[in-house]
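Note that the chains take the letters A, B, C, D, E and F in the order they are written out, and that residue 1 is the start of every chain.
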Amino acid sequence: MSIVDLKKEGDVFILTMQSGENRFNPTFIDAMNQALDTVEKSSGPAALVSTGGEAKFYSNGLDLAWLAGVGEKERDQFVKSVLKFLGRLMAFPIPTVAAINGHVFAAGAMLALAYDFRVMRADRGFFCLPEVDIHIPLAPGMTALIKSQLSPNVFRYCILTGARIGGIEAKELGIVDEAVPAEQVLPQAMARAVSMANKGRDIYGTLKRGMYAEAIALLESGAVILP
Amino acid sequence: MSIVDLKKEGDVFILTMQSGENRFNPTFIDAMNQALDTVEKSSGPAALVSTGGEAKFYSNGLDLAWLAGVGEKERDQFVKSVLKFLGRLMAFPIPTVAAINGHVFAAGAMLALAYDFRVMRADRGFFCLPEVDIHIPLAPGMTALIKSQLSPNVFRYCILTGARIGGIEAKELGIVDEAVPAEQVLPQAMARAVSMANKGRDIYGTLKRGMYAEAIALLESGAVILP
Amino acid sequence: MSIVDLKKEGDVFILTMQSGENRFNPTFIDAMNQALDTVEKSSGPAALVSTGGEAKFYSNGLDLAWLAGVGEKERDQFVKSVLKFLGRLMAFPIPTVAAINGHVFAAGAMLALAYDFRVMRADRGFFCLPEVDIHIPLAPGMTALIKSQLSPNVFRYCILTGARIGGIEAKELGIVDEAVPAEQVLPQAMARAVSMANKGRDIYGTLKRGMYAEAIALLESGAVILP
Amino acid sequence: MSIVDLKKEGDVFILTMQSGENRFNPTFIDAMNQALDTVEKSSGPAALVSTGGEAKFYSNGLDLAWLAGVGEKERDQFVKSVLKFLGRLMAFPIPTVAAINGHVFAAGAMLALAYDFRVMRADRGFFCLPEVDIHIPLAPGMTALIKSQLSPNVFRYCILTGARIGGIEAKELGIVDEAVPAEQVLPQAMARAVSMANKGRDIYGTLKRGMYAEAIALLESGAVILP
Amino acid sequence: MSIVDLKKEGDVFILTMQSGENRFNPTFIDAMNQALDTVEKSSGPAALVSTGGEAKFYSNGLDLAWLAGVGEKERDQFVKSVLKFLGRLMAFPIPTVAAINGHVFAAGAMLALAYDFRVMRADRGFFCLPEVDIHIPLAPGMTALIKSQLSPNVFRYCILTGARIGGIEAKELGIVDEAVPAEQVLPQAMARAVSMANKGRDIYGTLKRGMYAEAIALLESGAVILP
Amino acid sequence: MSIVDLKKEGDVFILTMQSGENRFNPTFIDAMNQALDTVEKSSGPAALVSTGGEAKFYSNGLDLAWLAGVGEKERDQFVKSVLKFLGRLMAFPIPTVAAINGHVFAAGAMLALAYDFRVMRADRGFFCLPEVDIHIPLAPGMTALIKSQLSPNVFRYCILTGARIGGIEAKELGIVDEAVPAEQVLPQAMARAVSMANKGRDIYGTLKRGMYAEAIALLESGAVILP
């Protein structure tokens, strides 16, 4: 089974991340980029929905075990590739929807925030930015990404407390667009994607690059804040 | 009947746009600027309320028929004058209230967002940023204007979906300050204007230029994003 | 009785401002900075709660009587010290909670907004940015501080109207995190502080400086807008 | 004799500042703005040359005697009007040349730097930014104005040392475009003005606003740095 | 004969633009981008030198005849592609040298300024930014590109006067790195290229993106200033 | 012998870096910061001159041996402390002069650029930014520091080529203010320092923070660009 599965239903590409916690390491980011390549190379109406292959996880962020082990030597290159990938997703010229079926933690939460829309499972799973508790500074591009999606109070609450926020609360706080029962997460995300699939790619990409200019530029710069 | 009617009730100037859909062409923008000149030259307490002369429309934005016809040669000059006008309105040193009696589409929606306060009709009429569907990029100053008035989620929703948003929803999303029955739109806008008419012009203009510095500078620059 | 009292309960420093309206003059700012010095020099888990010593006031802002009298000669130096102090508080590397027991007006409101969290008394006391009515421009750093904490609509409403906003409304508008009965203001603020006291200082300060980079830099620059 | 004399030779307006040291006070700034109004309202080819009416002075900057006396109450308003005037001159849509016949000190030096071209007397008179020695901070717009005209080394040298720089050195450092004998200052400035008088006003203003966008916006904001 | 010829000598790619005045139209920009693709896809040490195929011209900028004729409908798309191309060249991760064998006018001058180094013919040919005289505003990205390469005085002189600047003067003003006899233009450019061909592509691109971040982002945004 | 020696002659503090190549490691940065502490705590007229204790070296930059060995674990913290130190030096409220007696490489060259004035030995020793050849990206704050001191052409030349630049060329390029025989380096630096020692600290620091606001903020942020 490959790390990422990409299939198409009607005009909607469904990207299933299927490596358990879907933690970011070079293999995962490469697979995600290849999926984006495929979607981008398609023609005609299109939208992208992503989800996790296991019920419990959407993505738990960086693969800390890999980073502390064999990945240590590649840390800088890898972190840069993550930032670049998030920037690519923010600017993606095709509508994107995250079907958040389980936990979104740290870089996994930022991954979800880089999608255009978010549908989250209501009964289980947390949105969490735990950087304050695991002592990892946010890169300027990450801070800008988060700020571009959350209102000032929610931005402050999520980053300063590192709180674990369930689907219902995430909907109330505007972190996600919908919180629905587990079995409706993917269908609702699909419905949003279908309704957006006819947007023109040029204009869609141009609008997003204008809306998120600062975050995209900072992510592409590769800048990080040292701890 | 002139395109724009300006009269004064107590301390409140009432500007009625009365060319049907109130689409922007040079004649319309000139008339609006002249109305602003008159208001600005007045002395003493003052506030400005604007509304549409027909029940159905506040403003539908650029006069695309004119632009595709005789206006084609003047397109650049005209678009620049629109940007400059929106910047002038954002920085206007006298309290402004949009009494949104009908549709506000595209540049018409931005016009409404350039006022200090917005009272919208609840039962009919849509707020809509259709640029994503009509394939027209937003000028950087327009993006900044919209961002200055909407929370991150609403900014994203309006621009990416191009949704038509009725008065009730517009109030819930914070796009407008009030959604009221048709016959109360103007009275409620007037009431807000009356309550604001005693603000000092110097301090009011200074505060607005500080609050909206980036949007005003971008609008005044005349910069547009090419499609 | 000194202007500011600082004591410690468990991991929480409680700073009581006890000069009545707690207006800002050099003595007050010095005392506040000394209290921050003490908190910063401490080691181990820590959080800071501030409150007003009298039931009616948290802080009413600048000491205008002093400024119009003996303070006139020192005005520039003093205003600069206020801006610098607000910047210091925004970047403070230890969790901070304002227990708003009474009025917060003008610079006093900004003081409250420079804390990480705000618990306000529900039954009495107003949050108010009266600059529009007392004809005092906001320094760029103050505008940025306020913008960093309020959603676009609330930012606009507070600054343009100068409205007096009670605790309940302040909670609804997201100006404060909680509005509670008078006797619960300090306990609720304490509870928040306790829950945050274990955050690491380095990461906490780094995250805040990243989140509020623009406001902090503008406050530290000492820039003001002339009326 | 009025403070400022404006006459026209061919396409060139010659503005002679004739109040001795040509220090800035409200009367002086008003007269300068009126002269700019006249030039701006003209039609057809045009350029502007300014010079000092006495051999020894172009302009020595702010009228410190007035500021310390009757002007004290108006200080803020006045300083703001100076910043706004400098911004207007930087963005002036007609070519401008400073014929620097004598000293240019402090705000007088900034005045000279706000012109498009500078011809300085070689044998006598100094360019000097003495703020470091008279303990007056530069407003952000002033710093940006100076930076927009000088190379990094000269920017650093002028501001940090407060050196008095004669015409020859000023030419070598690129502070002025020419250093010539006293009797050639005005003729050379006139020759430059004549050669520029046919530039189109719209494009000339647009290009300058683009080139100096940051300085112009900061000057117009009225921001100052407190000492 | 194709519009652009690309051959390799040792580690140096030599790109010869061979359509006479080498004016920019879609065919030209496409050919240039394809040449950059080829260079970028190569591996090992590499540098790029470009020159004009005719003695008289390096590039005279936009193909105004095409734009006024069949190109009129595609104007926006085309201008955007020019901006994007200039941004790509500024960020190109391989050393680039312009062998300026003849005139560089308008966008052609900006093309030359987007290379890392410039060797110009001393005896004939002009560097000229004639926008002020042909009434064409500079896009913000173009202004930033020019500012990134020229000292403040030269930036001002070139844009405000629209002067035609020969090779010797261009060298004196720092617009080009060398001015040499016609037959040495290409050899000198080659020598520079050879000396730079061993720079690592990753670091070279990263450094350039950092040095020119603002200009590159503005060029990529597609923003233009309306006349 | 301590790493850094600080003594005072008249009003001038002379800081001698005496660890051979004066490479940056935590011990070195701590010693430098302590020296700055001492200078800052002094009262009365003061200026600071720094030089290298050995004839051959001023500073060769980061201690790569330490970083590759025991320092590897502390890399991030250390790099952050270097950025912060450079920012402190750029903003130092007392005149500073680098007496460059020998090589200044990489971070050592940036150290020299963070001083207010530079006197370099003419006959031996190089200024060099070798990052392009040793494949180390410049932190945004470093890029901004270098840009704040060098003209656009020199900025481009130094960073893109990594050239070794002797004292005479460094003077011609404006990298240093003077290039003098070895035995005059310290005396000339002293003379400059003496002439500056009477500047007021408040105004001097305020002016520098205004002139270098962007570089100082980026250095203090701790941001780095990943390779």
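Operating definition for what follows: a contact is a pair of C-beta atoms (placed from the backbone, for glycine too) under 8 Å apart; a residue touches a chain by one contact, two chains touch by 3 or more.
Because the structure is a prediction, the values reported are computed rather than measured.
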Next on the checklist: Considering only chains that satisfy the touch condition with chain A, which of them also satisfy it with chain F?
Outcome noted: C, E
Checklist entry - Relative to chain F, which chain has the most distant C-alpha mean position? => result B
Checklist entry - At the chain E/chain F interface, shared numbers over all numbers used: above half (same) or below half (different)? => result different
Item to check | Chain of greatest Cα-centre distance to chain D | outcome: A
Checklist entry - How many degrees of rotation bring the Cα atoms of chain B onto the matching Cα atoms of chain D, given to the nearest 5? => result 180
Checklist outcome for this item: Dup interface of B-C (contact pairs over half shared, numbering-based), picked from E-F, C-D or A-F, is E-F
Checklist outcome for this item: chain B and chain E have mean C-alpha positions lying a whole-number Å distance apart equal to 42
Item to check | Geometric centre distance via CA averages, chain D-chain A, whole Å | outcome: 53
Checklist entry - What is the distance in Å between the mean C-alpha positions of chain A and chain B? => result 35
Checklist entry - Hey, what residues on chain A touch two or more of the other chains? => result 137, 140, 147, 151, 206, 210, 221-222, 225, 227
Checklist entry - Line, ring, star, complete or other: which describes how these chains touch one another? => result other
Item to check | All chain pairs that touch each other | outcome: A-B, A-C, A-E, A-F, B-C, B-D, B-E, C-D, C-F, D-E, D-F, E-F
Checklist entry - Which chain F residues qualify as touching chain A in the complex? => result 76-77, 79-80, 83, 137, 140, 221-227
Next on the checklist: Can you tell me which positions in chain B touch chain A when the two form their complex?
Outcome noted: 131-133, 135-138, 140, 143, 147, 151-153, 155-156, 159-161, 225, 227
Item to check | chain D residues touching chain B - in the complex, by the definition given at the top | outcome: 206, 209-210, 213, 217, 221-222
Checklist entry - How about chain E: which of its residues touch chain F in the complex? => result 95, 116, 147-151, 174, 177, 195-196, 199-200, 202-204, 206-208, 210-211
